[in-house]
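Both of the next two complexes hold chain A, though its partner changes from chain B to chain C.
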Partner chain A sequence: MDIIILGFGVIGRGLAKVLYNKSDYLSKNYGKFNVVGIADSSGGIYNKDGIDLLKAIEVKEKTGKITNYKDAKKMDILDLIKEDGDVVVEVTPSNLETGEPANTHIIESFKNDKHVVTANKGPLCLCFNELITTAKKYNKIFRFEASVGGAMPIINLAKETLAGNEIYSIIGILNGTTNYILTKMEEEKIDFETALKEAQELGIAETNPSQDIDGLDTAAKIVILANAIMGLNKTIKDVKIKGIRRITPEAILLANKRGYTIKLIGNVNRKKLIVEPTLIPKYSPLNVKGTLNVAMFETDLAKEVVVVGRGAGPIETSSAILSDLISIYKEIKK
Partner chain B sequence: MDIIILGFGVIGRGLAKVLYNKSDYLSKNYGKFNVVGIADSSGGIYNKDGIDLLKAIEVKEKTGKITNYKDAKKMDILDLIKEDGDVVVEVTPSNLETGEPANTHIIESFKNDKHVVTANKGPLCLCFNELITTAKKYNKIFRFEASVGGAMPIINLAKETLAGNEIYSIIGILNGTTNYILTKMEEEKIDFETALKEAQELGIAETNPSQDIDGLDTAAKIVILANAIMGLNKTIKDVKIKGIRRITPEAILLANKRGYTIKLIGNVNRKKLIVEPTLIPKYSPLNVKGTLNVAMFETDLAKEVVVVGRGAGPIETSSAILSDLISIYKEIKK
Partner chain C sequence: MRIVLDIEVRDKPGELLKILTPIANLGANIISIIHSREERVGNRIPVRFVIDVEEDKFKTLINELEKVAIIKLIDGQKKKRYVDIVVIGHVVDTDIRDTIDRINTIGLVEDLDLLMPHPDLESSATMKILIDNYKIEELFYLLDELEKEKGLFFIKTLL
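Here is the complex of A and B:
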């Protein structure tokens, strides 16, 4: 199966490392997963015989540009998408305002006869229906397990293992950065600013942390769940959003005394989509610590099902991307 | 898709109720799921135009025998398996010593050109390889999500959503009865016998509770996980088993004081299969209460993934059986 990776930041390189490390395992259990194209903001490279992944990672990490890789044709990203290949993996940075350039990459991939796997929240929370419709029109597979919860199984779990269930609601912690900050504030009785600074020093929070701590990242994810799992037709504008900036250690202490903790919870059901700091009973399965993510499904047959996993990290995210790639492999090689 | 249900106890009837209640939903989203045959210990009935599920449930609950159902041919179970149909659902009572009659039912189903879904631990923990080999030989699909953890997603989750991961170990609470008893002992500071009696009065523990409280049920389940998920070739004889009879409220209190609780844990990795009462940190995601089940996977890419769900109950178990049926439907209708 020939793969083109668009975006060669931490996630793209994480996937390349995993594909390199697992190449024997994949060949033995499925078949050859061959990366024939890679792109970053400097442009794209293509070699139909396959790209040397270790060399590509080295070139990118040393020079900052994948186009400095030798032994491959250089071209624009949109031309790269037109080259021969089976699957495009879209992992450029998420833009929650325009969805671009990922949206164009994904649509063009379908039009150029390629299946798509993405971890990119932007297009999914802004133009979900257009993407699904285009995939169907061109009879292509579209999978995006990595877009919500990193390595935590959620979208494919709901669509496959919970198939046949009506899903009434999904609530959970879908952002590891805010969970880390709130956990630190609780455990060390420190204020928000101090916990945020610590998270930034550890690389858990970004220099501009707004997308996480103001709840936008969680909002994008519950929109994806609403559309992909519950069959709704929502965008990020439909979400009522409140972040964690105003949570104090005193508020957490007060909650603790009554047997609760405070978490930034995303909550979606047929009536509403909400992101806000929420009191969670200490012994609830939703009370997970550190950067962990958690989601609880309420369904008609299985009743409550909870999943917990690592929401971020290049290797963890690659786990979700790889499971999508394997699923496409099984489908197209039948 | 034509379905034959073998076993019409609580699980078989639960599935019939779910198929009846969901018939519109299934027709709309997939296709017609038509039950053409049902069997219990009194024998089998078959009607190629479909069996009236509400009437079948009524007959069974009023008279104890499905063979009192009118409008269908009566026959032996082994003859029923030979009739036309796509899938056999094997849900007769689990026998962990011989695996029968389920083992014969499953093998005969494959030989008679039928896919199989089962919730039956007996054959899976005693003759897993024979079953898998026979399914392959006759090119039939074999699924058994309901055999471990009821509605808790576990087998298909590991094989699909975690595809590509190496799974190092699986540990968890896989028996709701023992979890209920230990939870009661902890919360109400009562002894084992009192908690067991209460569980029996509520129908959570059976009159002969040995299979649950002595750890056999958990052992059967970790054997299934070892074989199905980790590719091992184990039987229940390979499991070191210790039950919960000797746990005292004092032991639990002592554990609590140090920040732990006591749970009956099944633990499988490449080196060993163990079932035994285990100290679990109070804040571990493995500390789930009541009759809930939980499993934690340790993997190379996704790292730790935890799932929590209802381990028993006719409707909950039907959720897992239904998702297997839907997966087979999608596969054969392509």
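Here is the complex of A and C:
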């Protein structure tokens, strides 16, 4: 199966590492997963015989541009999408305001006869219906497990393993950064700013942490879940959002005294989509610590189902992308 | 129809009579009364009534009883529940009495725990609110209003 990777940042390179490290395993169990194209903001490279992934990672990390890779044709990203290949993996940075350029990349991939796997929340939470309709129109497979909950199985779990169940609601912690900050505040009785600074020093929070701590990242994820799993037609504008900036160590202390902890919870049901700090009983399965993510499904047949896992990180996210690639491989080899 | 009501009444002379009066006025028939003095909660005593009442008078009976007592269970189902909330902000300076009074129009703030780290910093408090199950949405709507009006920040319990 020939793969084109759009976006060669932390996630793109993480996927390249995983594909390289797992190449024997993949060949033995499925078939050859061959990366023929890679693009970053400098442009794209293509070699129909395959790109040397270790070399590509080295070039990107040393020079900052994938187009400095030799032994491949150089071209614009949109031309790269037109080259021969089976699947496009879209992992450019998420833009929660416009969804671009990822939205165009995905639509063009369908039009140019490619299946798509993405981890990109922007287009999914802004133009979900357009993407699904276009994929159907061109008879292409569209998978996006990595967009929510990183390595934690959530979309495919609901759509495949829990198939036949009606999902009434999904409640969870879908952002590892805020969970880390709140856990630190609770355990070390420190204020929000100190915990945020520590998270930034450890690389858990970004230099501009707003998307995480103001709840936008979680909001984008619950919109994806609402649309992909519950069949709703929502955008990020439909979500009531409150972040964690105003949480004080005293508030956490008082909550603890009453048997609760405070978590940034995303909550989606047929009536509403909400992201807000919430009091969670300490004994609840939703009380997971550190950077862990958790999601609880409430369903008609299986009742409550809870999954816990690592919500971020290049290798963890690549696990979800790889599972989508394998499922596409199985489908097209039928 | 026959209903079982679990009610809490204040431990004061004449309180039981206040409950019996509306029941009698509506022509309902009391089948039994169990007065559990040993299970006292604060200054209130749980009393279980088994009553035969005409179906169309049931709602009026509940409304009248609520004026004089706290109904905990109807046919074993919880009518009321406790909701814990955390509030962050200038909790005292934004007229805490008014905040509580307005919450009390929907439920009842039974307990308040307040921490004020420094006069310049925001305070944090927890409130334990007793409320009818069907009024929770109304309470949350009020909290949203108070947030906007007083610049407070409420953290609600996951229901």
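Everything that follows uses one rule, which is that the second predicted complex is superposed on the first by the 334 of 334 C-alpha atoms of A that agree within 3 Å, B and C clash if a C-alpha of one lies under 4 Å from a C-alpha of the other, contacts with A are read in each partner's own complex, and residues count from 1 in each chain.
Please note the rule applied: a contact is a pair of C-beta atoms (placed from the backbone, for glycine too) under 8 Å apart; a residue touches a chain by one contact, two chains touch by 3 or more.
This structure is a prediction, so every number in the text was calculated from the model and none was measured.
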So, does A:K237 touch the first partner chain B, the second partner chain C, both, or neither? neither
Output check: A:K70 vs chain B and chain C. Expected answer is one of first, second, both, neither. What do you get? neither
Considering only the touch criterion stated at the top, classify A:K271 as touching first (chain B), second (chain C), both, or neither. neither
So in the superposed three-chain picture, is A:K28 touching just chain B, just chain C, both, or none of them (first/second/both/neither)? neither
Partner touching more residues of chain A, whether chain B or chain C: B
Partner chain(s) touched by A:I280 [first = chain B, second = chain C, both, neither]: second
Touching chain B and also chain C: which chain A residues? none
Touching residues on chain B, where the partner in the complex is chain A: 18, 22, 25-26, 145, 151-153, 156-157, 160-166, 283, 285, 287-289, 299, 301-310, 315-316, 318-320, 322-323, 325-327, 334
Once bound in the complex, which stretches of chain A touch chain C? 171, 242, 246-248, 250-251, 253-255, 257-258, 260, 262, 265, 267, 276-281, 284, 286
How about chain C: which of its residues touch chain A in the complex? 84-86, 88-89, 113, 115, 117, 121-126, 128, 153, 155-158
